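Please find the structures below.
Both complexes shown next keep subunit A, but they swap its partner, so subunit B is in the first and subunit C is in the second.
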Partner chain A sequence: MEKFDAIVVGAGPAGCAAAYTMAKAGLTVLVLERGKYTGAKNMWGGAFFGPVMGEIFPEFRKEAPVERFINRHIISFMTKEDCLSIDFKSYHGDEGSSPGFIMLRAKFDRWMSTKVEQAGAILATGLEVTDFIFDGSRVAGVKVGTEEFPGNVVILTDGANSLLAKKAGLRDDYKAPDLKQGVKEIIKLPREVIEDRFGVSGSEGVVMEFVGACTKGLPGGGFIYTNQESLSVGVVVQLSALLENNVKASDLIEDFKEHPSVRPLIRNGETVEYSAHLIPVSGVAMMPRLYSGGILVAGDAAAMVLGTGLILEGANLAMAAGIAAGNTVIGAKALNDFSALALSQYESLLKESFVMKDLQTFRRAPHFLENPRIYNDYPEWTCAMMRGIFNSTGKARRNILEVVKESMKGKIGLMQLVGDTLKARKAI
Partner chain B sequence: MKIEDKLSLNKFDIDREVHIRVDEEKCKECRLKPCLYACPAECYVERGGRVVFSYEGCLECGSCRFSCKKGAIDWVNPRGGFGISYQFG
Partner chain C sequence: MEIIVCIKPVLDPDLPPAKFTVDGKKNEVIPPEGVPFVMSPYDALAVEAALRIKEAQGGKITVLTQGTKYAEEIMRKALAMGADEGVILSDPAFEDSDGFGTAHVLAQTVKKIGKFDLILCGRQAADWDAGVVGSLIAEYLNIPVVIRAKSIEVLDGVLKIERISTNGSEVFELGLPALVTLSSEMGQVRIPSGWGIISAAKKQVPKWGATDIGTDPSQTGAAAAVNRLVKLYVPVYERKCEMVTGKDPAEAAARLTEKILAIKP
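Here is the complex of A and B:
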């Protein structure tokens, strides 16, 4: 068997970015993907943020299978019977210049992996890497069942449910409190209906995030993203909270779709797919060792996900980390040194990039976001306050401060509110 | 919408080889049965006090792997190319 400069395990955003970077520099690269085709095993909310896509694929605005460009964000607190939203619309430049855009994984991954092949890498789908070839303690390639593929370096980008990071000795298995489970339906609707209901035109798009009753008050949230001719509707919940509270995500998404503020948005839509996936959400606290002799790990397999409560970013961090891993291997190849010491360059590159900087800045966010008041008391309180303000009882009106005080009663203490605000300032 | 109806919309290439095995002996002593709440595809169901598992609708998320404290779940991916193939994702 030919020995490759690098073997990439998994053709998601991290793996494709790494493979593309190396293949373009002339290295021999093999990418192995367990799905029948690239993207087959993957799902996400669907919003890609930031300039990293343009840095690696300058032509992406013309080429990538973008569903819609994001120009509207709606964040909502919901109780069983209310929904209080902040609705932000932004019209700077033309729609195509928006920094965020919505894509679906089956198309996105296939587009990216085609770029990888065009750059000269070999892509093999339908093959699951099951183990490593070891040379002493150093990784020297991968195994697919009994078949061996030798390589100077393995880049491990096998995602949140990585079985291989542990086998490589980089970390223990993740734990339920550090994981969120996402479930989602693709609901088909005609393009004009989506544009009318969501107040967008052309290629404009909306991302909606919901906090509160959609997860029965458990840490997590609901989301609706607009695709061209469908909606992505889903719920994300801390896995350990599901287990401890005997709640199923499959029930939560049904309740979410029935909520009076959601039902009219999806009316007459046809569900065409149901998907589920894990997300590692504890950031730096759960990060593994990022390299050892002959191996680097990037993306969800290394917990490179940024969740601040208002946004969830993983694909852009995965791509940036993949580029850093690829560049590290290009440097190692030039010196023909693939030892842990040579590969430590990867960590330095990550620290200089937004990946580690953002994860450091928001290192307190995961713990902060476990505060149950965010998902119970605050939605209840803010919605009660709005009800109070808008309610007309025929009696003399009270001033707003009194309505606010009244709505807090039995729900939230002033000291708690001050404490949580201070914590929020530090965390997010 | 019932879970069976939802799963029937998905594209699966179901392997004859079972990729997740549950040791039902261990389940007998399990009171809380957290696997029931882990699985978004409801592959784990309770029937007459027993947990019954079927692998066909598995979405390969891995959640059940992190739910069982008794080591009753032997979990691997389906063989390459088999299992779920999302059309949208």
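Here is the complex of A and C:
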């Protein structure tokens, strides 16, 4: 039976980046993907940040199925009836040169996996890896049901809640607060309507993040991203909070779509897709062991997701980690040594890259973001303050400081505010 | 036993209608992006039938498909299921051919291959449901054809075929070479194994164009098409509900009868 240099489990951003890196270096690579085709079951919000895409695929700006380049960020705090937004537009550089862009997984995964095949890797879809072949304690390949596929190294990139990482002994059970659930709809709208409603033209795009009533005050947020001819509209909520409060994410997204500040943006749109997915959010605190004899783990499977409350990044970290894993295996192959010691190079590479640096910098963010005041009191307070400032009652106006004080009353103590601000400074 | 199987990529028939749209001006279906076409399910039955014959008595299976964007993908699937070789027919001259043009291309390819005992096709393609290509290939090659087969057996060089007819089924025996089209009553199609997919990925699949197979330019492409698409649209089904009442069941029934009679056939 043929033995591959590397077997990659899962053809998402992490797996494709790893496979592409290794196949280009001439290694024999087998990618196993459980979806009927790549991208079949995958979802995300859709905003990709940073230069890593260009580093691995220099031609991506011309070739990749980019929906829109991000030049406008809107962050909103919402209560049931109000919405206070910070709207940031940036017109540096040419259209299409923005480092952030929006993509749809179905198209992106297909594009990326075609690249992987062109580089010489074998991609086999419709196959779900169920177990490993062990040689003593060392991983020596994978099993799909009764079929066995031997390989020198297995790279686990099977996404959030990787059961295989557990089977390989790389991690323990997660706790419910470690995971968030994301639900998303793709809502079809004509391109001109999107451009008019969101104030963009050509390939420009907007990402909108919402905090507050969109999750009924539970830790999480809402988002709307502009695609070419559709909107990605979704809600991300801490799984444990959903369970404890007996709330369904599918109900939250319905309410979110009905919010007075969201409804006009999606009006007359047709929902063409609905999907749900887990996100590992506890960062370094939940990270598994990243390598062992004959195995490496990268991307969501290794909880490499950065959430600061204002941004959610996972795909770029997944790709950077995939590249590092690929390069580690290339080095191991040159020495024909696939032991844990040889593969420990992976962790060193990650520590030098933005992946571990960012996750370290924001290691306190996950705990900070569990603070319920962020999703209840602060949106209530800031919106009440704005109401106070803009509301003309016919009576004498008070000065702004008094309005601020008044709006805080019964909602937020000054000490809490100071305390939370200090925590925020440390965490994000 | 040399078996040739013809397959076609189609938009996945399992896709919900919301996934694709129709461009009424160009009379074209706009497929959803990122969702690959699949092998027409009837053609997959033809591949399956070929594999069963090969398993029973040996032989070689060659798969043909006329090259569109997804030809390579469905070819790999057929090879992964267990077919031995494949050829993709690809030439700008073949584009926009109708069933007659396609049958000409496939028949010319079979002639070029030369050696064959049996040609298998799906009973119809799951996109247009025209169901003419199989019969036309047989016509062009001047060999017998049986359409809508439920089962095929080969015994001492004689084909025994049970075919679905309007009132049940018919059993035919015919000599080789022959062409048979397969119907869904044949049964389940196998799922490729992992190693099947791996060995398929490594196979070379040649592409043949008009000059390789010697097609007649007047018989392929849009200009040669005998069928013309007049209008393509997504049908709208309307349901109306009307409650018929009466002071007792007899009166309600009488009113209902009146209404039914009033509907013109």
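The rule is simple: the second predicted complex is superposed on the first by the 428 of 428 C-alpha atoms of A that agree within 3 Å, B and C clash if a C-alpha of one lies under 4 Å from a C-alpha of the other, contacts with A are read in each partner's own complex, and residues count from 1 in each chain.
Criterion: a contact is a pair of C-beta atoms (placed from the backbone, for glycine too) under 8 Å apart; a residue touches a chain by one contact, two chains touch by 3 or more.
This one's a predicted model, so the numbers in the text were calculated from it and none came from an experiment.
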item: Partner chain in contact with A:272 - subunit B first, subunit C second, else both or neither; value: both
item: Touched partner set for A:37, first subunit B, second subunit C, both or neither; value: both
item: Subunit B versus subunit C as contact partner of A:181, first or second or both or neither; value: first
item: Which partner reaches more residues of subunit A (counting touched residues only), subunit B or subunit C; value: B
item: Which superposed partner A:91 touches (first subunit B, second subunit C, both, neither); value: neither
item: Common interface positions of subunit A, toward subunit B and toward subunit C; value: 37, 39, 104-106, 108-109, 125-127, 144, 272
item: Touch list for subunit B against partner subunit A, complex; value: 1, 3, 6-7, 9-10, 13, 34, 36-42, 59-63, 65-67, 76-77, 79-89
item: Subunit A residues touching subunit B - in the complex, by the definition given at the top; value: 34-37, 39-44, 104-106, 108-109, 125-128, 144, 160-161, 163, 173-176, 179, 181, 183, 185-186, 230, 239, 242-243, 245-250, 254, 271-278
item: Subunit A contact footprint on subunit C (complex, rising order); value: 18-19, 32-36, 191-195, 197-198, 201-202
item: Footprint of subunit C on subunit A - complex, ascending; value: 2, 30, 32, 37, 39, 65, 104-110, 122-127, 144, 147, 149, 270, 272
